[in-house]
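In the part that follows, the structures are each spelled out as structure tokens.
Shared between the two complexes below is subunit A, which pairs with subunit B and subunit C, respectively.
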Partner chain A sequence: MSMVFISVIALVGLSLIFGAILGFAAVRFRVEGNPIAEQVNALLPQTQCGQCGYPGCKPYAEAIAAGDKINKCPPGGEATIQALAELLDVEPEPLDAVEGEKPQMVAFIREAECIGCTKCIQACPVDAILGAAKQMHTVIANECTGCDLCVEPCPVDCIDMIPVAQTLQSWKWEHPLPPGTLIATDRESLS
Partner chain B sequence: MSELLLILVSAILVNNFVLVQFLGLCPFMGVSKKVETAIGLSLATTFVLTLASICSYLVQHYILKPFDIEFLRTISFILVIAVVVQFTEMVVNKTSPILYRVLGIFLPLITTNCIVLGVALLNANRSEYTFIQASVNGFAAGLGFSLVLVLFAAMRERIAIADVPKPFQGAAIGMLTAGLMSLAFMGFSGLIKL
Partner chain C sequence: MSTWPIHPLRGGVHPPQCKTLSNQQPIQRAPLAKQLIVPLLQHLGSPTDAHVGVGDYVLKGQLIADSANLISAPIHAPSSGIISFIGPQPYPHTSGQLMDAIVIDTDGLDKWCPLEPLADFRTASATELLDKIRLAGISGLGGAGFPTVIKLSPAANQPIKTLIINGTECEPYITADDVLMREKTAQLMLGIDILARILQPENVLIAIEDNKPEAITAVRGALNARSYHVVVLPTIYPSGGERQLIQILTGQEVPSAKIPAQLGILCQNVGTVVAVHDAVVEGKPLISRITTLTGEALHNPMNVECLIGTPAINLLEFAGLQKNKMNRLIAGGPMMGFTLPSLDVPVIKTSNCLLAASAEELPAPPPAMPCIRCGDCAEVCPANLLPQQLHFYALGEDHAQLQAHNLFDCIECGACAYVCPSSIPLVQYYRSAKADIREQAKKLAKAEHAKERFEFRQERLRLEEERKDAERKARAERLAKTKAEQAKKAAQAPKADINSSTGASEDEIKRLKIAASMAQVALRKAQKQLEIHGTAELQAQVEQLSLSAEQAKEALASATAASSSKAASISADDELKRLKIASSMARVALTKAQKQLDTHGTEELQAQVEQLRVSAEQAQQALEAATRAPDAAKKPAKPELSAAEQAIKKAKIETAMKRAALRKAERAEADAETLSALQAELSQAEQELDTLNQTEKADV
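Entry: the complex of A and B
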């Protein structure tokens, strides 16, 4: 009988001690915020365009940290997906957008038609549109991220998205072909 | 001192827990796809093994033995191991959240890594072990696990880009490689001449 008591007391004592240690560790090593979301957020382009389906880059970063797909950011494109895949140690996936990766675009306001309603200014996530009420608006091309969000609210449809022309400064080498598709017969047999 | 060295060499090479005693094979196959992840898991496992063998030695010699309740050995060791793993999980989550995310389920699964309970029970069986010897045995078991896991991960990284015949792709070639490694490690038993 005493054996049973000793056993029970010993195990209960052990559990209490370990519980106290774990309780202390839980307080000592408490994690503030979500460090992964912070690191993911730093890699996103911060256009706050909402094309991923979330209201901005921070919410999308939190969603990625919680396990969402990493291929929903059209402004970031291939480069962002690669960086995220590297950070999170997952396989990079092709961009998940209807029209695929778009060329770099910039908004252009046909200024003669602009009525100065300021609706596009309110829509712009990066404050790249300049103007005031009843005054003509214009786009600061260097600040524009090409996110399309100003096109929809314009009541007179005077905003065009035009592709940025390639200059000697912006030209880059094309990505190399993936292995196994180097010669024409390989590509034919794949397709 | 030579005794400790002998324990070290024995646990790392001659009686390697993974390749010679075939304990802890699940993380060996599961977390060996990338070298960085393998290094992370081996660090965590070594930490757990050392701490668990220290704690289980203390429990064995200061609680179970004096009260003559050694039949509670397994359950109390499992308790010790679960607590140590939980503690390690908190530390990893605090120090390296990315590693925590990458290791995922394999971090809490260190609890069920057979090596951890194996070392604790083997230490308890060898009652002549001192405190230092028991902890060195745990640490060496962790080092042996790390060595094998990192080597195996490096090989699998190369195999992943190699032109493997179709029937052998994936897990099959992994198993074959593990078998060959095991064969090589068995050769260490010739290291000590009696």
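Entry: the complex of A and C
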């Protein structure tokens, strides 16, 4: 009988001690914010374009952390979906966008037509448009994320989204054909 | 002089040398091209900006482009002539993309600009020498084209102990450095002296492969009393790679992601050293280089000293190009070079060889077969990597594993692809994988930057909003304070003021005025309604309203009269002024109404005009009376006058209304009974008005 009492007391004592340690740790080492949302946010392209239906990348990251789909980011494209699927250990899904994946774009203001209304400046999420009221505006191409948000507010439609031109610096080698796949000319030369 | 110990290279291959093709004759001078295409980027680093304009005349050696960026090198005019074009031009690059270039139409005079050589480099300071080298636009002539002056200015805490002069030239076909060492030995030695003066190294090693015996003899012969070591290396590809050469000569391995300078070692190509000599001793900028023209498609393969910007086609024709024999044109050697997309591309500072190969000489690679894991590639890799593993990771685009297997230590020498029995284009896999990883890193950096800017903007907007809120609050507080103060003053005022009743009655008048105007507005609205609908109910309502409006007016008038009689303090002058204003305002209203009447001519307007005329007259009369008898007559006369006038006015309005009603009924084609009733009403009203008018006249 005493054996039972001793074991019950010992177990209760242990649970109290561990409970106290766990409780202390929960308070002492509490993680600020949502770490998953932070990790998701780091993978998003940060164009802040809102094409996912959320007002910016961070809200979408939080929504993904809360269980939203991972295929709503057109600027990120397949690469982002893959990375998110890997991070969250879910099945990658095809991109959910009308026009599919678009090349990297950059805004361009036809300066002769700009009336200096500052509406695009207010719309730009990354302050990439330079100008003042009744002064011509221009886009700082290096800072532009190609998010498209400046096009709609322009009252004179003088903003174009143009694909980023390939330069010698941005040119890259293509992947060779995987071994075993022959192009037509190779087959001819072999036969 | 003891022999320098060497540490044989691990890996490497022995491709056919084919060097005798081009090193059998001395360096030729290429004929001056009619047009020189000088690209604005000829080195590793940021492109330069043109410092000349189209139409400018430039002298040979004149600075034509420079950049404010640190990692860059200025560019000079290779010959004298006129700038005919600045813009996109063919460029020696695999992609075939154009690059901005300055095109010079040469005048054939080859006229030098004034040169400023250093009097004696042996007494010059390192800073002076480095300045000279920087201004001469020298970048590495071995292949990569890194600006030399940056390489020569290592951090102060990392003194260079070993200076290596790279004359290995391990790539097949190329003999530019070979003939340079044979023919420009004296310049090479002086160039090494200059570098030694700048860097003060403990050892200077001149590395030459044993397949260049003439060059070895020439360099050894020119050494004289110098304590430099000429190290002869066994021929193996790629012993000329910077890291490989360092390993062979010192046994030290340059760690991943570090540069040789961090080990106290510095490597310079022999061509670069000669360019340094030319810049310091002769004051000449880098405007020409020695290029190997070779390949079986050339009738007369050779080495030429050609001006930067000379189109490849000019040089190839000079060497006897047989176009039908040429299968492809390669810039650089067969191992590391790349196929040129066109023959129009110019020679730039890094062009060491143009290889016009025939189809038999360099056949197209057979189609790639799957990897059989033979491991030959790992055996020949001079960087100790695992090429087949990298190949599989590149196929699967596993960037993390690629980086874990040190993909970025690959020097793309091509030894692995050379030995691959499945002829897999391994180097292309590594190049594309490297490009992908770099691109992703760039994207990530850009995303991070955009995030920072976005967050900064959000913060800024928040602060602005807060500031505005604070201002709004402060304004509201200020307003409340001033109101409270006013209320306090108003509370104190009655105590101080003796004539307290005036204030009260003023308030009363204000209230009455508001009531009167409101009644008037209601009346007008009802009249409009009546006009549109014209029912009997509305008629009754309008009449009632007009009555109440009249009452309100009367009340107001009596209150005004009472207040004015009470307010003894109001001076006669003020009263006069008030009356004047009233009379002129009445007149203005009258003229306006008349104008309206002229244009529209309705009954109602007629009535209004009449009414206004009466009020204007009344105002005039009041004014006259006031002017005539400012003291006595005015005050008692006024209320009486206004009472009589009010009655007349009322009658007049009544009459006009009746008339309007009658007209409306007529227009609506009402039955005779209503019409006659209305007629009777109207005549009655007119009579009333007449009598009132008469009594008033009698009163006056």
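FYI, the second predicted complex is superposed on the first by the 138 of 191 C-alpha atoms of A that agree within 3 Å, B and C clash if a C-alpha of one lies under 4 Å from a C-alpha of the other, contacts with A are read in each partner's own complex, and residues count from 1 in each chain.
Please note the rule applied: contacts are C-beta pairs under 8 Å (C-beta built on N, C-alpha and C of every residue); 3 or more make two chains touch, one makes a residue touch a chain.
Just so you know, these numbers come straight off a predicted model, no measurement behind them.
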{"item": "Which of subunit B and subunit C A:133 touches, first, second, both or neither", "value": "neither"}
{"item": "Touched partner set for A:112, first subunit B, second subunit C, both or neither", "value": "neither"}
{"item": "Partner touching more residues of subunit A, whether subunit B or subunit C", "value": "C"}
{"item": "First, second, both or neither for A:6, with subunit B first and subunit C second", "value": "first"}
{"item": "First (subunit B), second (subunit C), both or neither touched by A:46", "value": "second"}
{"item": "Which of subunit B and subunit C A:89 touches, first, second, both or neither", "value": "first"}
{"item": "Complex interface listing, subunit B residues touching subunit A", "value": "34, 36-37, 59, 63-64, 67-69, 72, 75-76, 79-80, 83, 86-87, 90-91, 93-94, 97-98, 101-102"}
{"item": "Contact footprint of subunit A on subunit C as seen in their complex", "value": "41, 91, 93-95, 97, 99, 364, 367-371, 394-395, 422, 424-425, 428-429, 431-432, 435-436, 438-440, 443, 446-451, 453-454, 456-457"}
{"item": "Touch list for subunit A against partner subunit C, complex", "value": "41, 44-48, 56-57, 79, 125-128, 143, 145, 166-168, 170-180, 182, 186, 189-190"}
{"item": "In the complex, subunit A residues that touch subunit B", "value": "3, 6-7, 10-11, 13-15, 18, 21-22, 25-26, 29-31, 35-36, 39, 87-89"}
